[in-house]
Every structure is written in structure tokens, then in C-alpha cells.
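Below: a set of structures, written as C-alpha cells.
Two complexes, one shared chain (chain A), two partners (chain B, chain C).
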Partner chain A sequence: MSAPVPLTTDPGRVASATPPAPGRSRRLSDRGLAVAFTSPALLLLLAMSVFPLLWALYLSFTDYSATRGGAAHFVGFGNYTAILTSAQVHQRALTTLIYVVGAVTLQTVLGFAIAYLISRRTHGRGLLTTLFLVPMMLSPVVVGLFWRFMLDAQFGVINSMLGSLGLGQVEWLTRQRTALVSLIVVDTWQWTPFIMLIALAGLTAVPKYLYEAASIDRASEWFRFRTITLPLVWPLLLIAVLFRAIEAFRLFDLVYILTSGGPGVSTETLSFHVYKVAFLGFNTGTASAYGILMVLVVIVLTQLYLRYLNKLKEG
Partner chain B sequence: MLLVATTLTACGGGGDDGTKASAPKAPATIPELTKDPLTLSFIWFDWPPAHALEDFANAEYKKERPNATIKVNTVPNANWHDAMFTQFAARKTDFDIAILDSQHIGEAVTNGNILDLTDFVKNNIDVNAYNPYLLAAYGQFPQAETGKRDENASLYGLPLLGDTWTMIYRKDLIGDKPPQTWDEMISVAEKCQADHPGVSGLAFHQANGSDAAAVTYNTVNGVYGGNLWDAKTRKIEGVLNDAAGQEAMDVLVNKMKPLTAKGSGNWFIDEVNAAVAQGKACIAFNWIAASGGLLDPKESTLGTTREQILDKLGFATLPSQKTNLVPLGGMGMHVSAYSPTANQAEALNFMKWFERADIQKKWAAAGGVPSRTDALESPEFLNAGPFNQVYTDSVPRMRDMWNVPEYARLVDIENTNVNAALNGAKKPKDALDDIAKEQQAVLDSSSRKGGGGL
Partner chain C sequence: MAVSVDEAVSAGPARGRPPAARRPGGRGRSVLEVALLTVLAVVMLFPVLWMIETSIKENRDVYAIPAEFFGFTVTMDHFKDVFVAPDGGRSALSVAFLNSVLVAGASTVLATVLGVPAAWAYSRFALKAKKDQLFFILSTRFMPPVVVVIPIFLMYRQVGLIDSKLGLILIYAAYNVPFTIWMMKGFVDEVPAEYEDAAMLDGYTRLQAFRKFTLPLLVPGIAATAVFALIFSWNEFVFAIFLTSSDSVRTAPPAIAGLIGGTTVDWGLVAAASVVFALPVLVFAYLVRRHLVAGVTLGAVRR
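Coming up: the complex of A and B.
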């Protein structure tokens, strides 16, 4: 007696019975394919980020010098102690703090204000946004160079304009106070658009019905801003502030081009100081410890900040 | 950047268990040269002599070695030291000949980055053709005493471009005769500034990058009888900031600085040249090798022809005061220890060729500053530029800075502090005392465990 013939065909069984497509290796499962596609990126990440970071961590406990060569001798926490107790480092930390607070505050206020004004426009919003974004697209070195010319006390366009208004020359880059202010202004010119962009995204995402309800209740403009706009945009704005603060904390390029850390060392930031330790004296061990400490500061502050953000969201 | 650099260097550089590296020796005679096409690469900073060298070498050296092409790679002046020494740190260079400042030699020799040329020089170079101090300044390590050469010391380089400061003065504003003493120069500049509103009395290097402000202070220090250090005892504190050093700082900050243009506290070579070319300075100081552009009518408002400009501009040796010292500038050629053997051989051949009497004169005619005495006194050199006589006259008066492995840090300390004093960020006395203290700490910190470099 022959086996009964099924009346219907089970597509799954038919499919499983189909031989694999020619050319496809039986070893390359989906998981294998995933590994094959992600491993180049992972290897690159390991080679260019993780391994150097671990190596720098190791070097930070040694007296290794990249140019002098020789074996790296273990010095324990010597490098870390020296950095944390150094008056020079404290001075650079203070300069960096003033710079970060000054630049990020100014950028946040201006960026949000510009975004708020743009969001209220119905015509030309796209064009305005694009125009405001131009500074952000330029290389910091290019920005530094042309601001250096513009701020030149003798030949710069800024002093020329001040002169035409009957005001005296200002030594923008060669006096202690004005040099740091100049750095903050140039950084603000370049990075305010970043805050503006994020704030604009937040502002456009605020549901319109909230404003409509407020209008029905005859709420004032200030009341609407304080109770609807700001609370809804605030978390997004804080993330933008976080990114900018991290960027500003590791400022190097503008200092290098505009002031070289001067006058004296009054505009030397922590990053600029690390560069000098690393490449003038080639004290690689100390520079590695310095870099690790800077990373730690950023990680700790970011964690605290993120916790605050999470609380804000929960609230 | 730091992470990648440390990884590259740390992975490639370990293994010799802390023993001090020493420069490998170049062969005493030039090995057989390749007949294949070869590019001989230099590294220098971007300024007119770098371009002049590439043009000159490709025009002249190719006559003897048609298969060789000369490439002078340039970087901004502020990156010059880093560009060379980060490659040295990686034990791999994309240049065959490093053009080092005289003060970089110690660092490169101690780290074993350049070849020891002592035997090569003995066999191939006529050392008697040079002022001994010039030969020593661009090649000898340990550093020679000012004005001398230690014939028993090793040589690691040969002169490429001599240089010193020239005083550039406006003949139409202060007269044909340049001031002879430093005090006279200051009073002449003061009067010129008062008589000509809009024109500053002085223009000189004040920036805190490279060696700008440091060379300015060191020059005034030398003229007023000061010393940078006691090389034998490696003592800076108490030497640099002695009475002569304090007087020099006082002259620089309180007498010279008020005669400069407002906002000139970050000026270096280009800015000083621009002030002169635009007729904004009565008296200026600049490196001779960077002064050629001042005679270009396209760059100047002082005249429409070179002759018209020269009617207004004069070039003179620096005024003297308690001494007649002038700063030693210029650079030497040094063979990278990491260059391929064929390129090292070509580099040695190039250096031997370059130091020949006839080539030195041609180099002078092409706008270079030679080092051989016969070339310095030749009409080819003396007639090539109005400032060349200044260089020849200045050679016996030269003084260099410290040629030690810690040079980069020493000069940074001096630059930042002098710049701070010039721009009102520090009192002159405090700045000088800080320089002495911090530099002494750098020299004394070689045995320190941890925290080096801060």
C-alpha cells in the first residue's frame, strides 16, 4: 500500500525541503553574517580607540617618554599626584572653567533666543536656519585665522569699525582680560547655531494644541513661554548644553590659532597644556595621566548631568 | 591625537631597558649612490629660504645627480619642532634631512634620531673653511662655548643657512647713520615716534609662539652683559636673573615696549616685516633670512622700485651696549637615522656637494646665507642683498641659546613669561624670576619620578 498523498501542501515543509541557493556557504548563518559585517567596525574601534585608551592608561602610571625611548618605569600614582597638586594645572583648570561657563552660557542664551524668533516666523524659516548654520560648517582653524585678522589691533576690521565710531583701539588678543573674552566670542560665533538647531527642533515639536488652549484661556505671552515652551524644550536644550560643554572643555584649536595661550599663559586651557606636556617635553607618561584625568572629569560630570536629566524627565 | 601618538611610539620604542640612546654613526665615506630615481626629502618651516632651497637644489644638484629630486616639505613655524620630533618618536620619518634649529641638536642626538657625522666630516669637509663657532653651532654636541669649537666633540650636522638679527631703520626718518649703542637706538626711536605720529618707534618679536619673545629678551640680555646660564654647572637661577638680567628686562619692558605699536604683543617675523613695509616703524629688528621681502615693491608702500625702497630703508648690525653680542639664528642639515640607506647615502652626498666653495657662492647668489668664510666674503654674497654685509660683520659677535635636550621646554618657559611681561600680565621682575626658577626646575628634574613636564 502506498503512503497517503497530502491534499494540501505545507509551505514550510516545502521550503525546508528546498536545497540551499547555489553559491551560499552553509557555514554563514545569519549570526555569522552579522559578525562578518560588524567585525571590521569593531576591530577599527578596538584598534583606534579602546586599545590606545588602555595603553594611555598604562603609560599614565609610568615615566615613559616617546622620544627618549627606553623602558617605561612604573611610578605608581606619581603622575596623577603631580598633576592634581600642580599650581600650573589649577590655573589652566580655572581658565578652562571660565571659558566653558562663559561660552556655553552665552551660546545657550543666544541660540535659544534665535531659535525662538525663527520658530515664530512662517516665511523664510528654512533660509534663515541655513544662513545661521554657516559658521558651524567651517573648520575651527579657518575660523581662528580669519578672526585673528579681524581682531588684529592694528589692521583688524573690528578696531577699524570702532575707530570710525570714534572709539579707541582695543588690544583684543594681547591683553589678559580681552584675550579670554575674544576666545569666548569667537567660539560663540561659531557654535551658537548648534544650540539654535537643537532648540529649534524642540520648539517645533511642542504640540500646537497647548498654545491654542492657552490662547482660549487668554494666557499672556510670557505665561505661555514660561509654562509651555520652556519646560518642553528644556530637556532637549540641556542635552545641547551637555554636548557644547564637553566640546568647550577640550578646546584646543582656537587657542592655538588665536592666542597661542597668551598673553603669557592666561588663555592656556587644559587641552592646550596637555599638548605642551606631550609634545614639547615629550613627557608621555605625565601627558597620558593628564588626558585620563580630563576624560574622568568629563565622564563624572556627564553622569551627574544625565542623572539630573533623567530626574527631570521623570518629574 | 595624543592617544594615537602614544600608542605608536610606545609600541615601537620600548625594549632597550632605559639605556640612553646615542646617535648612530654615518659612514666616513659616501657609500655607492643609487642610479634609480630618488627623492631626497627635507623638512623645514614655511618661509622664503625653504622655497629658495628647493628651487636652488633642483636646479643645481640635478646637474650632478640627474636621478635625484629635492623636495623641501614645509610646516608652519609653530609646528616645526613637533612635526620633526613626533616622527622621530615614531622611529619613522618621511624626510631624509631634518633642518634643525641649533638648539634642537641636543634633543635629537640624545634620542638617537640623527646620524653622527664626525667621521664623515673629517673625510669630506674642509673644516678650516668656516668660522669655528658657526661649524660648532650647527653641528656640535655637547654645545660649544660661545665663539669657539671643541675639535674633540662630535658633529651631527652641517650648516645650511646662517642667520642673525639685523636692525632695519628708516633713513628718511632718522638719518643715514644708524644708532651705535642700544641706549642711543632707544632715544632715536623715541624721538622718531614723537616726530612722526602714526609711526611707532620700534617693532620687534613679542609673540609667545616658537622662540619669538625669548630671542628678543636674550638679545637684550646679551647686549646688557647678562648670561642665560652657566653651562658648566647647569645653573640658571641666579645667573639669568642677576643684576644684568634684571636691567635687560627693565630696558625691554619699560623702555622698548612703550615704543611699539598698540597690540603688537603677538608679533613675530611676518608682522614686523608688515609694519616696516607699510611704513609703520622707525626701527625694527628681524632675522636677515626673512628680510628679502622688504625690498619687493609689490609688498611695500615705501617705494615702487627696489631702489626707492632702499632710499628709505637701511640695514645695520645691532647696536652694542655693554657687549656687542647678537643672536645666532639659522639652521643646519641633519640626516635622519630612520631614512632608508640609499637616501642616507644621497643625503651625505648632497651635504658634501652643498658645502663646496663654488656651491656655497651659488647658494649665496640664489638668496641663501652661506657659512663658509670664503662665501661670506665673496661678492656673490655681499652684492646679493643689502643686509648680507650685516651678516658677515655679525658672525664674530654671535651667541646661541641652550642646546640641551630640554630646549623646547626652556624656550617655552621663556617665551610665555617674556610675552606676559611685555603684555602687562606679569611684572618684569616677577617674569624674570619665574623664568629662572622654572627653567632651573626643568634642568634639575631629570631624575624625577612622575609628573615630569609640568
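Coming up: the complex of A and C.
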């Protein structure tokens, strides 16, 4: 950082690369450069992310409706109390909770198991990993559509396979209970590779001398797993789990495509309900308050995520 | 953290199989593990294979009960229908694919042009509250799209960006900029700042040093980052469905989703469109497989 620096790009001045002096003005030009380089990106974020959220915050205190138009009347915290006390919202929150916890738990267990099995292979690990990653790269639209076809009660391949095994048919997407299960299964199918990928990264990073030392001590496999593998992979795994939890909480497209919230409201998550309030009910003010509350949840989760990320980076 | 798929392959034999395998019964266990992995792989890949199969089946085979796994007649009709309309002209889907290429491409270019210099600045300079700024940037990316889209919708209606490609390009760029900055910052951090210091000793300005010495070293990283941004924009659905409506603007995801709107669904066509849509993503993802961990965690987790 002590390098003497010419002040301008002017070729005449460059040649003369004057030694000491320019401390102050050099820092200035660095700062200028930093501002010039970061501000366009920050401006775009301000315009497209921060400003809309502030607008939503404003709307959340009004009774504005995007279709009715007209002036927005200030209603104080009316929208917020309406949402927080609504039984409908409580039900959606419960659905979302079941979905998030169910899907993320399944993904974590399965993803870690697959990663563990792959990490014990000597041959074909690259090929296996690549194959397992395919579902994750697909668009939720493709995933949702395709599972909808496969889970179809009449000509879906899943029921057809159940039938040839002599088992009964299941109305996957048209029964209240099973629809939510189907949603969890499909999300698990798509995102298990995500956990697997990150767990595998953690597993391959465990130094092998630890295992060697443990096997000299004749430690049992389970003991090694519990005292070496798990503690070393856990921090990274936790990052992956939190990341998935945030994503699952804000998930919209898969619900929209797979079940559209139905049957009834059995698979309506919070983000799907927001959509209905905003775009089908046209209560923009209420929907904004709803959205802001969701943003608050996301912010809490994100803070948790970033804190662990920070810990991981420093540790 | 060791990270990439390639590394997973190249790790030597010693690591993969701890001594357990040599114990009595180790062999049986190994066989069991391989069997388990095979079953899991088949379960994970079956839907993809079924999609490809459906896309090349004739309609009567698509709806066959019980389902036909082998021995059906192969047809390319569904793929033809994806690109060619019944009257011989261009199909709505092919227009949507072109729109997707344009929107994803343009938004990726914009995000890269804005994000790469910002990443360099965040990596090199001591900015005020740098960590907070970076965390703020990442957290904008975590906002639920379905919430953001409400005010964006109103905003676009005011300025006439509703149902326009430019509107989509802008919002996708805004969604990819945080990712680009985080991902690229990692790459810039890997290039020693001393290169620039040395160049500046030789009389280059900081900017010239960046352009002539650092930027060329960043090209592979920029390419990988851009590929991820491209995939994110290509796959995006929520903004696309709420901010666009006409066939001439709509991108592929809402267009494909629109195929199931009617009373009867042509699943062969849906499958073929999905295959056409997913193929480029898989090819691109394979190209950047070494950076997958960083890519899918939005640049947050890396070696």
C-alpha cells in the first residue's frame, strides 16, 4: 500500500512517477474509483430492491387497491393487526412451517446420506456427483409440471408403478393430506442434491490424518463419524440448511405449478397466500403488510445465515 | 473447504475407503453401499429419464395404462410442435424461447458489467462499513420474489415497463448483481493485490493496473459467474409471470407453464418443451461444475 502512484492517467505524467508526496490525493483517487465502481451496482439495487420495499412499507399502512385506484387512505397498523389475527393466515403459517420443516429435514438427511456414501467411494465419484446434481439445475417450472404429470391419479407413472406392484392408487395431488406430502416430496427431490453437494464439499475437506489417528486408536466407525466427521462437516451443513430454509420459506413457483394451493387451501403457503391477496383479491395495502411481515421473517433468517457464514469464514 | 466435483474425482484412493473396508464383513458392506447408491441414483434420475421418454412418445403411448417403459414408437413430432406452429409458422413457444435468450443474455451482461467492477472495488479498497454493505447486498437477493413483485408491478405500471422485455431485464439484473458481486469478490480475492501494486510502481494508474493485469486473470471467473447468472435468469418464473402477459414478450417458463392451462393437456408437448428448455441449463451447469458450490450458494461458500 506504500507504492507511490501517479495522480492521473495522463501519459506525460505517468513517465515521471514522482516518489513520496501524494499520500492524501492518492487515497482520494482510490476512494473516487471505489465509489465509481460500486455505485452503479448499488444504485440498481436501490432502485429495484430497496425502493420497492419502501413503497410496499408505505402501502402497508394504507387501504390502497391496485385495481380500484383512487387515493390511498392511511389506516395505521390496521392491515398488520388484520393479518396477525387472521385465522386464515395462521393456517397458512402452519402449512408453511410443516412444509419448510418437512422438506428441509428430508433433504438434509437424504442429502447428507448420499454425500457420505459418495465420499466413501473410490471410483466414479465425479460421475455420480454430476448425475445426482441434475434435479437441482432444472427450473421449478419444469420440475413442477413434470411431477404433476407423474403424480396424476389416472395416467401418472407413479400410480402405474404402484399398481403393478399390487398396491392401491393414491390421489397424490387431489387429497388434502397427500397434496402437502407430494409438495414436500417434489421439493425434496429437487433440492436433496443441494445439501449433498455442500455436504460432500465438507466431507472431502476433513483431513484424512484424523481418520488415520482414530483407526490407530481402534475407534469404532460410529465413534469416528460422531467425533470427527459430524463436527467438522456440521458448520457447512448448517449453512446449507439455513439457505434451504430461506428458499423454502419464500417458495412460490413450485406451489403455483404443482397444486395452485389446492385442494382447498391445503398446500397454500404464506407466499402463495400473499399472491392471492395481492393479485386475486386486489387488496394491495393488506398484501403489502403481509409481504413486509414475510420480509421481516426472511431478514431474521438471513441474519442467522450471515452470522453463521461469518463464523465459518473466520473459523 | 475443498469443493468441486473434479476434486471429488481426483482425491486419491487412500481417502475414500477408510480401513473399515478391510475388516471382515467390509466387503459385504461395500456392496450394500454401492447398491444403496445405485437405487438412490435411479430414484433421482427417473423423473428426468421419464420426461425425455415422454417427449419422444406418440400421444397414445404417453397416456398408456399401465405406463410403457420400453418398446414404444419413437417420434420427434413433439419437438417439431415446440418450434413450428400448426399452420407452419413460428410457434408461440419458439418466440418465448427467443425472448428468454434475449432477456437472460441482456440481464447477465448488465449484471456482469455492474457487478465485476464493484466486486473488484470491494475486494481491494477499505470502504466504509464494507462488511455491512456486502451483507446488505446479499440480503436483497433473499427477498421473496412474490413480495417484491407487488411494488415492482405498481412501479412498472407507472413508468410503462409492464409487459416489456426491458422491465424483465432490469429486475433480473438487480437479482443477479448481488450474486455477481459475491461470487466475483471471491475470484478477485484470489488474485494477489501485489500484482496491481507492482504495476503501479511501474507507473500505471490503479485503473490501468486493474484493466491490464487483474482483469485478464479474472476472465475464467467472470465466465463462470456469468453462466450462473444466465441460468438463474433463464429459470426465473415469478417475475416473468406477473410482469409480462403478451406472447411477444413472455419468456419460456411462463409460456411452458401456460401449456397446462386448457382442459386437455398435451403432456408430450410439455415434456418436449421442458427438455428443450432444460438442455442448455444442464450443458452450462456442466461447464461450470468446478464452481458449483460457490454458484449455488450465491458465492457465499467457497474453498
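The rule is simple: the second predicted complex is superposed on the first by the 272 of 315 C-alpha atoms of A that agree within 3 Å, B and C clash if a C-alpha of one lies under 4 Å from a C-alpha of the other, contacts with A are read in each partner's own complex, and residues count from 1 in each chain.
Everything below uses one rule, namely that contacts are C-beta pairs under 8 Å (C-beta built on N, C-alpha and C of every residue); 3 or more make two chains touch, one makes a residue touch a chain.
Just so we're clear, the structure is a prediction, and the values are computed from it rather than from any experiment.
Enquirer: Applying the document's definition of touching, compare chain B and chain C: which contacts more of chain A?
Expert: Of chain B and chain C, more residues of chain A lie in contact with C.
Enquirer: Once the shared chain is lined up, is A:Phe194 touching chain B (first), chain C (second), both, or neither of them?
Expert: So A:Phe194 only meets chain C here.
Enquirer: Tell me which partner A:Gly166 touches in the superposition: chain B (first), chain C (second), both or neither.
Expert: Once the two structures are laid over each other on A, A:Gly166 reaches no partner at all.
Enquirer: Scan A:Arg121 for contacts with chain B and chain C and give back first, second, both or neither.
Expert: A:Arg121 sits against chain C, while chain B stays out of touch.
Enquirer: Under the stated touch criterion, which partner chain does A:Ile83 make contact with: chain B (first), chain C (second), both, or neither?
Expert: A:Ile83 sits against chain B, while chain C stays out of touch.
Enquirer: Classify the contacts of A:Ser29 with the two partner chains as first (chain B alone), second (chain C alone), both, or neither.
Expert: A:Ser29 contacts chain C only, not chain B.
Enquirer: Should A:Val298 be classified as contacting the first partner (chain B), the second (chain C), both, or neither?
Expert: second
Enquirer: By the touch definition above, which chain A residues appear in both interfaces, chain B in one complex and chain C in the other?
Expert: Residues 48-49, 51-53, 55-56, 59, 66, 154-155, 256, 274-275, 278-279, 284, 287-288, 291 of chain A touch both chain B and chain C.
Enquirer: Per the contact definition, I'd like the list of chain B residues that touch chain A in the complex.
Expert: 2-7, 9-11, 13-21, 78, 81-82, 85-86, 88-89, 107, 110-113, 207-209, 261-266, 274-275, 280, 405-406, 408-409, 412, 416-417, 419-426, 442, 449-454
Enquirer: If you look only at chain A, which of its residues touch chain C in the complex?
Expert: Where chain A meets chain C, its residues are 1, 3-6, 8-9, 14-15, 17, 29-31, 33-34, 37-38, 40-42, 44-45, 47-53, 55-56, 59, 66, 110, 114, 117-122, 125-126, 128-142, 144-150, 154-155, 157, 160-161, 163-164, 189, 192-194, 197-198, 200-202, 204-205, 208, 211, 215, 221, 224, 236, 239-240, 243, 246, 249-250, 252-253, 256-257, 271-272, 274-275, 278-279, 284, 287-288, 290-292, 294-295, 298-299, 301-302, 306, 309, 312.
Enquirer: Flag every residue of chain C that touches chain A in the complex, lowest number first.
Expert: 1-3, 5-9, 11, 13-20, 33-34, 36-37, 40-41, 44-45, 47-48, 50-51, 54, 62-67, 114-115, 117-118, 120-122, 124-125, 127, 133, 135, 137-140, 142-148, 150-155, 157, 170-171, 173-174, 177-178, 181, 197, 200-201, 203-208, 231, 234-235, 237-238, 241-242, 253-254, 256-257, 259-260, 265, 267, 270-271, 274, 277-278, 281-282, 285-286, 289, 292-293, 296-297, 300-301
Enquirer: Along chain A, where are the residues that touch chain B in the complex?
Expert: Checking each residue of chain A against chain B gives 48-49, 51-53, 55-56, 59, 63-73, 75-79, 81-83, 86, 88-89, 152-155, 159, 169, 171-176, 256, 259-266, 274-288, 291.
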